[in-house]
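Presented sequentially are two complexes of chain A, the first with chain B as partner and the second with chain C.
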Partner chain A sequence: MFAMILRRLLVSVTSLVLLVTIVFFMIHATPGGPAYSILGMHASPAAVAALNKQMGLSQPLGEQYVIWWWHLLQGRLGYSYIQHTPVTRLLRIYTGRTLLLDLSALGLAALIALVVGLVQGYLAERPLGKVIGVFQIVFYALPVFFVGILLIYILSIRLNLFPPGGIGHHGLDSRLRHLALPVFTLTLPIAAGLSRYFGHQARQEYRLDYVRTARARGLSDLRIALHHVLRNAVRPFVTMVGMMIPAVFVGDVLTESVFNYPGLGWLLWRSALDQDYPTVSAITLFIGVLTILGNLLADLINSILDVRVRYE
Partner chain B sequence: MPASPAARPAPTPPRLAVEGLRIDGRQQGRAITVVDGLSFELRPGRMLALVGESGCGKSLTAAAILGLLPWGFRITRGHVLLDGEDVLQLPPGAWRRRRAESMGAVFQNPLTALNPTLPIGSQVVEAARLAEQLGREPARARAQELLELVGVPEAARRLDDYPHHFSGGMRQRVAIAMALARNPAILVADEPTTALDLITQAQILRLLNRLQRERDLAVLFITHDLSLVAEYADDILVMYAGRAVERGEARAFFSAPLHPYSRALLGAVPHPAAPEERLTDIEGLPPAPHEYPPGCRFAPRCPRAGTVCRHEPPPPRVGDGSHEAFCHHPYTEGP
Partner chain C sequence: MNEPRSTPERRWGLFPALHAGRFASALRSAPLTAAGLGLFLFLVAFSWLGPLLIHTSPYAIRPALLFRPPSWSHPLGTDDLGRSFLARMMYGGQPSLGVAMLGTVIAVVLGLLYGMSSGLSPSWLDKVLMRTLDAILALPTLVLMIFFAALVRLDALSLILLLGFVSWPGLARIARNEVLAYKQRDYVLAARQFGAGTGYLARTHLLRSMLPIVLVNATFTVADLVLTLAGLSFLGLGIQPPNPSWGGLLGNGSNLAIIGAWWLILFPGLAIVLAILAMNMMGQGILNRLEGR
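Our next item is the complex of A and B:
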């Protein structure tokens, strides 16, 4: 058990280092630079060079890379060129909003997936089960920005039910109303993907003999679904939910930019446009850490759910 | 009322009577009839062996009387009488409850028949606990009692073990205990020993036979292996391609099987007393449900088939006692 955790940790740290390294060099490889974002597109080369020197961007890239790691080990994530703020402070402000949005969406999606998946597994080959399958593919394939814009057009502009963007500041009601459309938009594709996966899982469980013996004993369909099928199908599902975290963040970047929702995704999008290296690197690292923690958590939940002692 | 000394005691009424059962379904978009005109009775304390090759409809028959037909298959004709009541007329919920309290079922694969994530004690009594609202302690006591009944050693210690702690044979015992939890009058065993080794097979058969006698169970034993049930079955029903081809009391059946198919089934198993004797195997394969021939369905593979066999469905031919075959050219002498 201990060796397993150690091995997982080692793999995680290695992948984090790789991730950050790739992002660091990729973002520096793109033309332009933060100096142009600060001084404007028509800044004189001399002014750009001076600013770059001041920000430490004139040093060789390898040296910058080493310095970045040196600072990171000291707990310094750098200073945003554009926002004129330490990146740690930015993370403090933006992370909570993103976690609220992403975790609501992931939790809601997981719940929907469990219900839809069990129904789908139960219906199996029946027409209704196939209809559910078609909807899953459609909702999974619909791009977040398309759904987002459609919802804004219908529910905000036409029907005036929800605010089209922002986060709201005045009380819980306003905050929830601002959260509704982004959460729904982000939930849709995740729920579609997860429920398709779980529906498949549940269907395979429903084919197994223990379900037939449960039926033969006269247990009700609800009892069989919740007490037997769910119990067996939920463990791979937990792993799957953990593995969805990066996909959720990809959707989050799009959702936050469509709804102008100031979270990490929105910040990443803005910072990438402005080539704000420290901010982009820090968010990437942070999301990487969150993903790994999420997967570890999924494994932990699974080891608690696993009643079987490994014997083979 | 004075009984005349010659009057035989009235036969015990059947627990379950199936009359003219027909099951229709769909396969690759084609409508098919998988079981047609099947009738049999299950009586207390007796074992009926339903015998046939795979695909002959025997498992679907079991599924039909257990209410477990897969989606797309329906009973389209006939009656299933449970203690004289036609259960097919009942609303689904009532039928499910009726079934649960009067029938138990054991299936082929003991490795998958138990839920791997629940301790066996709670699984064995789950249905009884829900139906009778048993408390925790009485439920445990009942589980222990049932496991002892089917011969699980040290039952008290094993209640909290999970299925993977048990061997295949032990799991089948647990499955039998589970089937008996609500003290049913009928036990349906669908190839319960096929997945087990020979010694375990014999043990499970002996166990079923003991339970049948002790509890006066009406047992439907489904198998493809006639020799397996020769020792224990009271009645035999041989099916071929969705229809009964021969049925009768086991003793009469084994002393002189009438139908060529029954003889072929018996001949396809080596006899330990005469191992050098050549096995008579049956040429070809049983037909699929969408290509059942007119006339006798066994005719294309039958060594005795004549012209009439290919055109006219065979009538019942009575042998001695309550033993009959559906055949134009049955055997008349012993094997």
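Our next item is the complex of A and C:
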């Protein structure tokens, strides 16, 4: 198990190195380099040279790469020229809101997927199971930004039931009302995707002999589902949840933008529109790191759940 | 007339399924694929043939015709500048579908090259290449695309290249697994015995065996790229106005939602959903047949 964790860590570290390297080289591959992004495309060569010297951008690329790493390891993520504040300060403000939204949605989606998947496995090829299958495909194909804007149009603008965006400030009730639509929007495709995978898994589980044995022993359907099928299918399920994490962050960026929910995704969007490249690259790195850690966590939980797991 | 009559296999080379007779019978036995293909062809015709029929510019601003709801004279209504929304939807389909399809072509080529090289490499190198792939797959693609968009103004060509560049890893994994599944088969070993080189084997035998599964995943990739591009354009970071794209139109419509112009939201949103559904149905239909269900 120790060797497995070590190998798994190696993959995560490789992801990290690749991510940092891609971000570094993309920044320096832009025409004219970062100085033009800050000063604008029509900056005078003298101004660009001065800024390059001030920021250490005139040094050889290899040296800059090493310095970039050194700064990252110290937690120095750069300075936003648009917001005039260190990026780490921005991350401290916005990260909590994003984690609240994403973890609520992922938790809710996992719960829905477990129930729907078990029902689907139990129903197998019966008509109702197929109907659920169609709903999963349709909901998975619905883009979060389309669903989000429809919900705003119908529930906020027409019916005035929910606030159309923001996070609310006055007490728990207001906060929850602001959170409801974004969480629902983000949950929908994740639940559809997860329950589709898990439904497939549960169907295969239901075909195995131990289920037939349990039925022969006269156990109730509920008991078979919870004590037998769920127990055996929970490990692949944790893996699936881990694999959904990149999709959660993609959905998060779009959901936060639609609902003007000021989290990391929203900040990434606004900063990209402003071409605020230090902020954008820091958030890209940060979301990448969160994704990698999430994946790692899913695999570690898996290995704790069952010692037979061997990472291959 | 002493030329040998060409058999379907010979004429169609790598793509025997494209032979007309076989194609029709294949579609009959896979209704899901047929429905998806029909839907997809409808969207393609809407985007590329539609503009030839309506003779309306998607850029012509008409101050007298702002925010007209759908009617017989304006089938999909008009937008905030009085432009014909039908024309904008038609022209908007071209980048929305075209960029996604061309990006997929790049992803397939890169994925096949990487995956087949990995599968045919010695096992230690294969392991290294696959670990690298795991590492790339852990990155959220839309976030990377937003990062690229913040650094450079993206036009259609750079969007195609970058979308292809971020979406090949899934296809590479599949190509590599297929190579491993087929490279020990008798017919491949026999060909090797007769002196066939690795390149020849890859081109003729392996590529041909993995074609169906690669096709399935290419259709799923098109669906993913339609979604990614639409999301990017929705955020104002993909196809730039005044050029229409379905994602961009939806983004513009959502800013105008407060006015109650529902048609500016519903039609582009539906077009994106239908395109994604069409590709997923096609892929799933072929997959069901491959799995013999």
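To be clear about the criterion, the second predicted complex is superposed on the first by the 262 of 312 C-alpha atoms of A that agree within 3 Å, B and C clash if a C-alpha of one lies under 4 Å from a C-alpha of the other, contacts with A are read in each partner's own complex, and residues count from 1 in each chain.
The criterion applied here is as follows: a contact is a pair of C-beta atoms (placed from the backbone, for glycine too) under 8 Å apart; a residue touches a chain by one contact, two chains touch by 3 or more.
For clarity, every value in this text was computed on a predicted model and none was experimentally measured.
Participant: Have a look at chain B and chain C on chain A after the superposition and call it: clash or fit.
Facilitator: fit
Participant: Just chain B (first), just chain C (second), both, or neither: which does A:K53 touch?
Facilitator: neither
Participant: Which partner chains sit in contact with A:D209 here, chain B, chain C, both or neither? Use first/second/both/neither.
Facilitator: Only chain B; A:D209 stays clear of chain C.
Participant: Between the C-alpha centres of chain B and chain C, what angle is found at the C-alpha centre of chain A, to the nearest 10 degrees?
Facilitator: So the angle at the centre of chain A is 80 degrees.
Participant: Going by the contact rule set out at the top, does A:W269 touch chain B (first), chain C (second), both, or neither?
Facilitator: Touch status of A:W269: second partner only.
Participant: According to the contact criterion defined above, which of chain B and chain C contacts more residues of chain A?
Facilitator: Of chain B and chain C, the partner in contact with more residues of chain A is C.
Participant: May I ask you to decide whether A:R92 touches chain B, chain C, both, or neither, giving the answer as first, second, both or neither?
Facilitator: So A:R92 meets neither chain B nor chain C here.
Participant: A:H228 in the overlay: touching chain B, chain C, both, or neither? Say first, second, both or neither.
Facilitator: In the superposition, A:H228 contacts chain B only.
Participant: Is A:G218 contacted by the first partner chain B, the second partner chain C, both or neither?
Facilitator: Once the two structures are laid over each other on A, A:G218 reaches chain B alone.
Participant: Please indicate which partner A:K130 is in contact with in the superposed arrangement: first for chain B, second for chain C, both, or neither.
Facilitator: Neither: A:K130 stays clear of chain B and chain C.
Participant: Chain B to chain C: minimum CA distance in the overlay, Å?
Facilitator: Taking the overlay as described at the top, chain B lies 11 Å from chain C at its nearest C-alpha.
Participant: Considering the complex alone, what residue numbers of chain A touch chain B?
Facilitator: 124-126, 208-210, 212-220, 223, 227-228, 231-232, 307-308, 311
Participant: So in the complex, which bits of chain A are touching chain C?
Facilitator: Answer in residue numbers: 10-12, 14-15, 17-19, 22-23, 26-27, 30-31, 37, 137-138, 140-143, 145-146, 149-150, 152-153, 157, 246-247, 249-250, 253-254, 257-258, 268-269, 271-273, 275-277, 280-281, 283-284, 287-288, 291-292, 295.
Participant: Which residues, counting only chain C, touch chain A once they are in their complex?
Facilitator: Of all residues in chain C, those touching chain A are 131-132, 134-144, 146-152, 223, 227, 230-231, 234-237, 250-251, 253-254, 257-258, 260, 262, 265, 269, 272-273, 276-277, 280-281, 284.
Participant: Considering only the defined contacts, which chain B positions touch chain A in the complex?
Facilitator: Chain B reaches chain A through residues 66-68, 71-72, 96-97, 99-101, 103-105, 107-109, 112-118, 126-127, 130-131, 162, 164, 175, 178-179, 181-182, 188.
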